[in-house]
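Structure incoming, see below.
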Amino acid sequence: STGEETPRARLQVVASFYPMALLTERVIEGVPGVALHTMAQMNTGCLHDYQLQPRDMKILENADVLVYNGAGMEGFIGRVAALRPGLKLIEASAGQALLESAAHEHEHEDGHEAHEEHHHGDANAHLWLSPKRAMAQVENIRDELIAADPEYAQVYRENAQAFLQELEQLDGQVATLLAPCQGQGVVTFHEGFTYLLEDYGLYQAGLLQTDDENAPSPRYMAELIDHIRQEGIAALFCEKQYSTRLAEAISRETGAKIYTLDTIVSGPGGRDAYANAVLQNAQTISEALKK
Amino acid sequence: MEWIAQLFPALRYDFMQNALLAVVMIAPVMGLLGTMAVNSRMAFFSDALGHSALTGIALGVALGIDQPVICMLAFGLFLALVITRIKNANTQSADTIIAVCSAGAMALGLAILSRGGGFAKYSQILVGDILSVSPSDLLSLLVVLVAVVGLWFYLSNALMLISVNRPLAASRGIPAAVYEYVFVGVVAVAVMLAIQWIGILLINALLILPAAAARNIARNMRQYHLLSVGIALVCCVGGLFLAFEMDIAAGAAIVMLCALAFAATYLVRGRLGGR
Amino acid sequence: MNHNHQQGLCEIKIKELSVKKGGRQLLSGISFALDCGQLTALIGPNGAGKTTLLRALLGDLPYRGRIDYVRYDGRPSRAQIGYVPQLLEFDRSAPVSVLDFLAAGYTGFPVFLGVPQKVRAQVEQALGQVGCPQAIDRRMGELSGGELQRVLLAMALNPLPDLLALDEPFSGIDQRGLKDFYALVAHLRDSYHMSIVLVSHDLQWVREQADQVVLLEGGRVAAAGAPEAVFGTPAFRQAFGEGE
Amino acid sequence: MEWIAQLFPALRYDFMQNALLAVVMIAPVMGLLGTMAVNSRMAFFSDALGHSALTGIALGVALGIDQPVICMLAFGLFLALVITRIKNANTQSADTIIAVCSAGAMALGLAILSRGGGFAKYSQILVGDILSVSPSDLLSLLVVLVAVVGLWFYLSNALMLISVNRPLAASRGIPAAVYEYVFVGVVAVAVMLAIQWIGILLINALLILPAAAARNIARNMRQYHLLSVGIALVCCVGGLFLAFEMDIAAGAAIVMLCALAFAATYLVRGRLGGR
Amino acid sequence: MNHNHQQGLCEIKIKELSVKKGGRQLLSGISFALDCGQLTALIGPNGAGKTTLLRALLGDLPYRGRIDYVRYDGRPSRAQIGYVPQLLEFDRSAPVSVLDFLAAGYTGFPVFLGVPQKVRAQVEQALGQVGCPQAIDRRMGELSGGELQRVLLAMALNPLPDLLALDEPFSGIDQRGLKDFYALVAHLRDSYHMSIVLVSHDLQWVREQADQVVLLEGGRVAAAGAPEAVFGTPAFRQAFGEGE
């Protein structure tokens, strides 16, 4: 669905990646003359360090509105803003209280206050994974779209209303699923689920994050293993896009089982895709933590 | 401009126009510098610089300097000088020394990164993309182009003699070490600046592949330079349009064309009187 | 070749020169002087240190001791040196033609733009002088052993140097070339008041042509002086056997 | 085992024990292979293989083959043979050819990746971490160790002669091309297998740095091999414990120690009779 | 050195050999034969193609035409070749000692484990033969030009080859070594029934010692046969001038 093939729509809306498209689609459905395009379609992970492709640039060239997650997820947003001064930018996460990026979580556990100064700036950007945060994002998207296209304010409002209701329902389901696990600690291997955990009364007990530029130190790994043993944590949560090798090593040593969650950055699309994925995640967590 | 857009629909887009101007300026710079980089067996020099750019930033942040680009540049220059210094001691081949320094610098960077955070916001500096070049970037590129071409008039003869045989060049009164330091300094600066706009893969490939392709068939310096710059230009412009048409990453398309150019010159080398 | 050497270099004084490398003392206590207009022959068995001494003279190796370049008026000076190495190891795949190589040595004009007709003529003349005009457009890596020696000599002779340092320059040269070269060296010494140091194993020729002979042996000067004198020393007989 | 854990608290953890066993087996393999990799100016050979591993996977997926590791291995071997083939044509220095092939392969990979998805789940194969080595990995490593050491008895003499001067080796009846292909094949397999466990940075550094450090001071083949393997072992084991103590990434600590070893041998080289 | 050559190679026949490289015809229509127990001298001006011919003989260059190795009984055979190149370009920084180098050539024992005493003795003996015993523990890169030539000769002579191909092997050798080497070559030919091809610019020695002389000129055989015959041809006089 590149910009040039479709007949020029009245309002070209672009979503920065899959989850933003899922949310935006529900707000604009049925508005006449609005076309939605998704950038980074072939990318199947988070957008950390994403490089813009010709396809994305073509989409952007004709765009009127860009909906993006924000909070540091789309590193390319500065360049895009500079290149297309006229483009209306909608930051879905605007106005939300962000959690600090938890990549260096362990220093908190040690209670080393001295390390505080390391934590300037990096926010955890994975807000869409918690339905509560997604609702705030939908509200942002709705308000900004109305500002951009006041003529159809009513339709946007109604769409968002319906969607928000569904999300509220989803929120209830997730809360019910996770209620038995209240107060439990969870170990994950990508900081994707911190918001979900915090919002539903669980907490991130440990995080081991690896990518090309980040490898854990053996000391940290050892502390995490000690921690898992002490707390009796029985489940480790990997994400389907990321390696499970370290998780397997920890599992071998502690006996904790490995489960897989979905960061919802790629998928089949569709009206219910978002809700289904979130529900699936909640079910996985609740099953894993069931004693 | 209308007829251009008629002929090349891709040029209707601003980003394509900017990208085109950018490669037209970068290609000659890399084509020129590449001739001597290949002669001096520095094929992985810019790769090493690129990979250690993050180390420069990390060091800067760890030391509390808040000018990431300056730190990156300073560290790149430092690394370039260290590599040249060790290389001139003549204990090892150039590629080994580059590998050692590159690995050491990268490991240092990773060690700093694994100790404390706050770098993610800078790592975007390194993900340059030719498609997102802005008009102000174009101005900086022009400056680099003029500076490098100007320098080349003074440096190229001496660098050629040094690359043939260092003691012989020294015996003719050429201060070989000075010229080498200037050359690696220029390469380091060009690489570290351009990396923000075009990314590391593209930079290293543009520096080495056109010159290597030219070397397959060139029989003298004039042919070598002409072919190197020519191949760089053709592949860059061609790659850009190819990427647009085929919907693939621009850098990847350009590099693939360069690799094809190498393959082509490699295959015809015998027939044209090369080796 | 109308360089006026009356204003130029007069003498090169080597004092207590020593070179150490890889834990071994390659040269020690070398002292002698090279006069202008003189041909000094360095002789000695393989591994005596002849090449090492030449490289120290060129400043290509770190050494202890002094090497002073002195002008007519006694003031220190910098010398223009022409050097032909014993073995030229170079990158045979470099796209550098003989013309590029010589033109870059002779002039400041950047050869990557091509070589102007005037410079080409100059290179042609220099190659003619060493009997190798056919090689001008070949790549350096395509030269035969003897052709390379000739090209290197053409490089060393232009611009006319104050000191010409030749390390077995004639070892791969054919018989006819040899005669021409020997004549060329004699001519250079006589006409241009040039100081020449030459390493050679051709003792016959050394005896006939050298003004001064320095016999190295194990990194030390075993004998130095006029050819007849050196060839009569016990050190010489020990190094090269009874014959000759 | 109790007393060990007493002495080295780090070894109370299974993952540290496994990591220790793994490096003790990998270090000699890389130390041995590295001696000849450095001699043959292949300092970036394993780097090129590592960076193009993803291309192998991408090609496999694009062609519908669903065995990523096999595709990766096959592509690595293919690339190694291409590099050796072009290198033997003698038109360019080894590092240039490695750079050309590496850039071409990477660009191909990126182009495929940018056309269609589904690769990200494989890309993590390449970010091996020594801390995640499993007992079954250890068995594979043991096999590699035994195979490489065994092969070395047959290959090393010939490879040494070839690295000194190829025509001379050929004149003595050594089929230089065959030996070279076997050698690069072994390196390619070892690298492609080990990359899954220890990651690309560590593998390249382990292959090159210990041998380069040894080369600074070694005066003959026996010293060269002893020092190379010795330095690799000491740096690996030391680096692992250092990482535990200092709370930094294990790979980074090991590589930094190797770089320090290089610096140390570089500085003493004159005094010990090297160059 | 108790190789029995009666069973070995008898003759090497070269037929219509030609070599083309870089667009130039380096050799064309070369035909002659090398007999065992004979010393064949290749002579010719610089760039005539002597080195190219040797490299083709070794199979180090692609060529057209035939090179047949024939045994006493007329059957084809493979020859053991000893080769000393004109210029050995090698990696001077390699940590390879002379002992490693020769031991690896002589035996199959992997030198990275160290060199056994027996092999060391063998290497010492071979180095003694070429007058260079002091170099045994030096790195290859530390040898002087003449020392390197000697070590290469030691390599070429062990194990005793069927064909010994020497490309100006004596060009950097000192006077005393020269005599020994000439004697050694004569001895090898006479005692071991070995076929020797030698490139040399020392026409005097060639005239006295060679059994066969092949004069190359511009990539063709200009004259071939007994020394006296070749030295009398107009082609010879043209190549090397009237003298000699």
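As written, the chains take the letters A, B, C, D and E, and residue 1 is the first residue of each chain.
One rule holds for everything that comes next: a residue touches a chain if its C-beta (ideal position, glycine included) is under 8 Å from a C-beta of that chain, and two chains touch if they have at least 3 such contacts.
Model, not experiment: these values are computed from the prediction.
Enquirer: Stepping chain to touching chain, what's the minimum from chain A to chain E?
Expert: Steps on the shortest route: 2.
Enquirer: Work out which chains are contact partners of both chain B and chain C.
Expert: Shared contacts of chain B and chain C: D, E.
Enquirer: As a test of whether you follow the contact definition, which chain pair has the most C-beta contact pairs?
Expert: B-D
Enquirer: Among the chains, which has its CA centre at the largest distance from chain D's?
Expert: C
Enquirer: Which chain maximises the distance between its CA centroid and that of chain B?
Expert: The chain farthest from chain B, judged by C-alpha centres, is E.
Enquirer: Between chain A and chain B, what is the gap in Å from one C-alpha centre to the other?
Expert: 37
Enquirer: Between chain D and chain E, what is the separation of their C-alpha centroids in Å?
Expert: 40
Enquirer: Rounded to a whole Å, what is the gap between the Cα centroids of chain C and chain D?
Expert: About 46 Å separates the centre of chain C from that of chain D.
Enquirer: Considering chain E alone, which of its residues make contact with at least two other chains?
Expert: As it turns out, chain E has residues touching two or more other chains at 22, 89, 91, 93, 139, 142.
Enquirer: When you check chain A against every other chain, which residues touch at least two of them?
Expert: 53, 214-217
Enquirer: Enumerate the residues of chain B that touch no fewer than two other chains.
Expert: 90-93, 110, 113-115, 215, 247-249, 251, 274-275
Enquirer: Got a list of which chains touch which?
Expert: Between chains, contact exists in these pairs: A-B, A-D, B-C, B-D, B-E, C-D, C-E, D-E.
Enquirer: Under the stated contact criterion, what part of chain D meets chain C in this complex?
Expert: Within the complex, chain D touches chain C at residues 90-93, 270-275.
Enquirer: In their complex, what parts of chain E are in touch with chain C?
Expert: 22, 44-48, 51, 86-87, 89, 92, 132, 134-135, 139, 142-147, 149-150, 168, 171-179, 201, 203, 239-241, 243-244
Enquirer: Quick one: which bits of chain B touch chain A in the complex? Just the residue numbers, please.
Expert: These residues of chain B touch chain A: 13-16, 54, 110, 113-118, 120-121, 123-124, 127, 129, 131-132, 134, 199, 243-244, 247-251.
Enquirer: Which residues of chain A touch chain D once you look at their complex with the stated criterion?
Expert: So the residues of chain A in touch with chain D come to 41-45, 53, 210-212, 214-222, 225, 240-243, 245-246, 248-250, 252-253, 266.
Enquirer: Give the list of chain E residues in touch with chain D in this complex.
Expert: 55, 58-60, 80-83, 85, 88-91, 93-97, 99-101, 104-105, 108-115, 137, 139-142, 152, 155, 165
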